[in-house]
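Each of the next two complexes has chain A plus one other chain: chain B in the first, chain C in the second.
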Partner chain A sequence: MKQKKVQGYQRLTGYLFMAPAAVMIIVFMIVPLLWNVALSFCSWNGNSSVEFVGITNYLSVFSEATTLVTLKRSVILALTATSVSMLLGMLYAFLLYRLRKKEQSFFRFVFFSPAMLPMTVTGLLFVFVLSSNGLLNALLSLLGLESLQHAWLADPNLALWVLGIVQGWKGCGVTMMLCTTAILSLPDSLYECARLEGANYWQQVRIIMLPLIKPTLKLQLSMTVMSSFKSYDIVYAMTKGGPGEFTYTAPMKIIQLGFTFNEYGTAAALGTVLVLLASFFVIAARFALRGETYEY
Partner chain B sequence: MFKKKLQKMLGVVLAVTMMGTLALTGCKNSDGNDAGDGGSDANAGQDASKPTVTLMIDITGFAPLNAATQMTLSKFPEYNIVSKQWPAEDLTKTIKTTFASGGNESIDIAFVACRQLQNYKDADMLLDLTSYLEADPEWKASMSESMWEAATIDGKIYAVPWQAAYPVMICNNDILKEAGVTMSDDMSYDELVAAAKKLKEAGYAPFGIEGGVASWVLKQAYLNAFDTEEEVIAFCNGEIPFTDPRVKAAFDKAAEVFTENYFYLDEGALAATTDEITSGFANEKIACIFSTNSAAKNIIETTGIENYTIMGMPTFSNTGLHNLLGAPDVYFVPANVQNEEETIEVLKYLTSTEVMQAMVDGGAVVANANVDTSDEFYAMVSKDLDRVHVLDPVHLSDEIADYLNVSAHSEYIYNGEAVLEKLEGMRQKLQ
Partner chain C sequence: MNTKKGSASVWIIRVFLIVMAVFSIFPLIFAFYTSFKNNQEFYQSIWALPETLHFENYSNAFVVGKVGEYALNSIFIAVVSLSVTIVFAVLAAYALSRLKIPGAELILVLLILIQVLPTESLIIPEYMIVSRLGLLNVKYAAMIFPYIGWMLPGTIIILSNFFKTIPVELIESARIDGATEMTTMRKIIVPLMKAPVATCLVFDFCFVWGELMWAQLTTLSRTDGLPLSIGLLNFKGMYSTEWGQLTAAICMIIIPMYVLFIFTQKYFIAGLTAGGVKG
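The block that comes next holds the complex of A and B.
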């Protein structure tokens, strides 16, 4: 009886601690998400009464080539940013592990610092770096590599990839931090055994580190895919969707449909489609990294 | 031992800082004002018993609007006049979200280009000002009839014009002289290209324009693409298809001046920033730059170029027409305005001869017909007012407006005729 009472108190304490976070999530995440889904089946100009129109907004999204192409650009941007963020972050983490403690913490701070900058600040910084007479072209010129100079953000074949690389570079600090933490938690005995067996460092990375930090990688991959699909600020800060519409992504189209064209229902439908698309890629990424979980 | 003590102290300092921050945050009231009255922003020290009128018209560094805002702030001590910065980048989003939030967050007076009025009208967001203007004939008479036409939708006046904006070309005469080039605002496209070639050979970028407004070149080209004014009007009214060969020729010309690298930063011209253009002009790398007439004074002062000429933007056509893109900027009041009478009073003052004269002195070309315009510089930046062609295909729909204003020009450079077909598809949707 007494034990039950204690358990009851414990449960109550748990609920009490959860309550503030739960309220915030319900009010600021769940309710808007549900409202967005509901709105996607309605017509609304932002000021009129809401009118139910069935799946008309979804038909409009899927029948407009200009809207579909923004989804394609979002996928390209998200995949580029995710790849750069994951690969660069992992590389940094594996390289840092080889350094002594003090050097490791210094470089950890250096590589992590871009992650602390707001996306718009990063975007504006890279506008200066990548403009026609910017830092990168000046550097290339200094090295005698004039043939490699480009108008990086004005070239329609490059701009989207450049955005993806910048976004990935900004996010790689978090990947590095998580991977470093995961690597440092691995027992030294595993490395010692590997060294005794004659494994070099990259073999240790492949055989010990990568499989054992897989749960961390899985988590970070999911988070990176999700945040990459949402990217609006970096595109807006760097190219505003240009040149032409070559970097016009789905989040920008959502803003345009809602605020410029007063088509909030269609904007909500595109938003829902984007959420589903991002969810698909998150599931696919997790599926790709499935496999045995090792205990050590 | 010492390390532990230090850690403990740091912990205490962090905790106190966090608590202090939270406490200070809590001292903010719902209007966003500090609880104390020592704040220095425009909203600080408001008296709750006074009616509030919120302006969103001020642009940092733009003297005419700075003057108008300051004069309004000191003119109405009986009101709480709140001034917010005009958000050039997120204008529509800001106006619509503040409108939706209503109450104290709402904007009472903001300005937009008159072409954007229809969009806000479609969302039932505009206050009808017709009755106020009819009740005050003096106010209405202070602007010309053509200015009021730009603010009228379906016979009702929804806004009050304040600025007649059109693009000008500012040329550095020293560069032109060195290259042996003469520029005039009635140059044909062929003459303009010949001059550009000469300037390029002399080692200068012939022209400079901020990437975000590069579509001005295209607009100039299509507003002058036809043989007669009647045809231009028919095109602007959607009666001539975008796939018409004359429209295509206009798009070709607007693309050619960029593909031939006559604009500063060559292939990076479409991404050029205002700072890049201004510094290129100041450093005498660019012969002529394009800007709005109201910004010309500021550019001349910033760049320090002393030997200059200001003329209307070239037509980029060979037809002999001399239309100039442009339209009035207008103040409007949202339909859900909190203090309607007070807001109208402030609006009247903002468009009065007193304020407009101060704006003229700051370099703006204003809509008010009663101001003293004898200033030499004002004459230079306002002399082409009668060339301004307010009618433009951007009136046809929001979709066409957005595409023509933002992407059509640069996309045509890379995708060619597909752009015309896309525009034609949009036009046909309206038929």
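The block that comes next holds the complex of A and C.
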């Protein structure tokens, strides 16, 4: 009887503790999320009455070439950024592990630091590096490689990839950090066995570390894919969608449809499609990394 | 892991990493010394060190470019939204992981799901909500409230993973000694929390400090209360070719962040290692 009372009291405290966070999350995340889905089936220009139009908005997303192509650009940007961030981050983590503790923490600091910079700052810094009279071209001419000089951000064939690489470069620090902490939490005894068996470092990486840190990799891959689709900041800061519209991605289009053209329904539909697309890639990535997890 | 630290392969790795590190950090160093040059010097030779130190780039960026004002706005938004987020998240995470809430696991899974969704999928209704609540007319409020709502799920997840690592016995024994839930939190949990809170603070701070899309939308009709992310872009628009001032503005934002990170690095890494972030 007493036990029950104590539990009831605990539960009540629990609800009280949760209440403030719950209110904020419900009002500013859950309601807008559901509302967005509802709105994507309606036609609304901000003033008119909201009218249910079924899947018309989705049809117009998929039939309007200028809208559809923004999704394609978003995918290219996200996949480039994800690959760069994952590969570079893992490479750093595995290489760092072979160095002394002091060196490790120095390099970790250097490689992680871009991750904490605001995207706008990274963007401006790279505008400075990549503009036609910027740092990279100056470096190339110093090395006598004038033929490799490009207007990196003004070339329609290059700009989108360049943005992806910059975003990946910024993100690789987090990948490195999570991999490093995962590697550090593996017990030393595992490596000892492997060394006794005569495995070299890369064999140890492949056979022991990679499979054992797979849960971390899976998590980081999912998070990176998702966040790489949020490309508004980098695009706006570096190219504003240019040259022409070659780097105009879906998030930019959502804002344009909603707040410039007042087509809130279509904007909401594009937002939903973008989330579904991103989720598809996350699921695909998790499927690619499926398989058993190991206990140690 | 005690391979020889001086063998040839280790040296190759070291050289490679040094080259990559130079690549990563060189733009920053370069921006730093460009920030003391005027445009004439910049175009004369992009590599040369400044002949005289043009400190006026900094004062110009700060006063004329209003970087100082933008920075104050950003600091205010960050301090308020981070403090509220951390307090709310600590309470909620403690409740979810240690107070036997029915369905707590389900709630955590839901939080993970909504946390990964891009903000793009909710900004349009979000804007309507904020405007109906009248927050658009209050300086900073239109940014602070949604930021708190957006940061909470991720912060709660990290903190509740941490609370699960605190032995139940520790909490039980405090309860037996007659401590209320609030006292238990204050005396036992909070002192143990430095590392995971530092992890959350770094993640959340980076988000608030750099957020651009929402900040732009909610300040379209305002000229005051603009955060740094927008301010910097306005600045670039005004002085697009004044490299000295632009890099000075960049430096003024980057340097405090580096200082902050150097001081929190220890806790931040400890927080990550403690299993705060795990699949």
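Observations, loosely collected:
Operating definition for what follows: the second predicted complex is superposed on the first by the 273 of 296 C-alpha atoms of A that agree within 3 Å, B and C clash if a C-alpha of one lies under 4 Å from a C-alpha of the other, contacts with A are read in each partner's own complex, and residues count from 1 in each chain.
Definition applied: a residue touches a chain if its C-beta (ideal position, glycine included) is under 8 Å from a C-beta of that chain, and two chains touch if they have at least 3 such contacts.
Remember, predicted model here, so these are calculated numbers, not experimental data.
Of the two partner chains placed by the overlay, only chain C lies in contact with A:L274; chain B stays clear of it. In the superposition on chain A, A:F28 makes contact with chain C only, while chain B stays out of contact range. Residue contacts after overlaying the shared chain place A:I255 against chain B and chain C alike. With both complexes placed on chain A, chain A has more residues touched by C than by the other of chain B and chain C. Contacts of A:N45 after superposition on the shared chain: chain B is touched, whereas chain C is not.
Of the two partner chains, chain B is the only one that A:E245 touches; chain C does not reach it.
With both structures placed on the common chain, the touch criterion links A:Q203 to neither chain B nor chain C.
On chain A, the patch touched by chain B and the patch touched by chain C overlap at residues 127, 133, 236, 255, 259. Residues of chain B that touch chain A in their complex: 89, 92-93, 96, 99-100, 119, 122-125, 211-212, 265-273, 276, 335, 398-399, 402, 406-407, 410-415, 422.
Per the touch definition, chain A reaches chain C in the complex via residues 7, 10-11, 13-15, 17-18, 20-22, 24-25, 27-33, 35-36, 39, 92, 95-100, 103, 105, 107-111, 113-121, 124-129, 133, 135, 138, 142, 169, 177-178, 181, 184-185, 188, 191, 201, 215-216, 218-219, 222-223, 226-227, 229-230, 232-233, 236-237, 250-251, 254-255, 258-259, 264, 267-268, 271-272, 274-275, 278, 282. Chain contact summary for the complex, chain A toward chain B: residues 45-48, 66, 127, 131-133, 150-151, 153-156, 236, 239-246, 248, 255-256, 259-262. Chain C contributes residues 1, 3, 5, 9-10, 13-14, 16-17, 20-21, 24-28, 30-31, 34, 43, 46-47, 88-89, 91-92, 94-96, 99-102, 111, 114, 116-129, 145-146, 148-150, 152-153, 156, 181, 202, 205-206, 209-213, 216-217, 220, 228-229, 232-233, 236, 243, 246-247, 250, 253-254, 257-258, 261-262, 265, 269, 272-273, 275, 277-279 to its touches with chain A in the complex.
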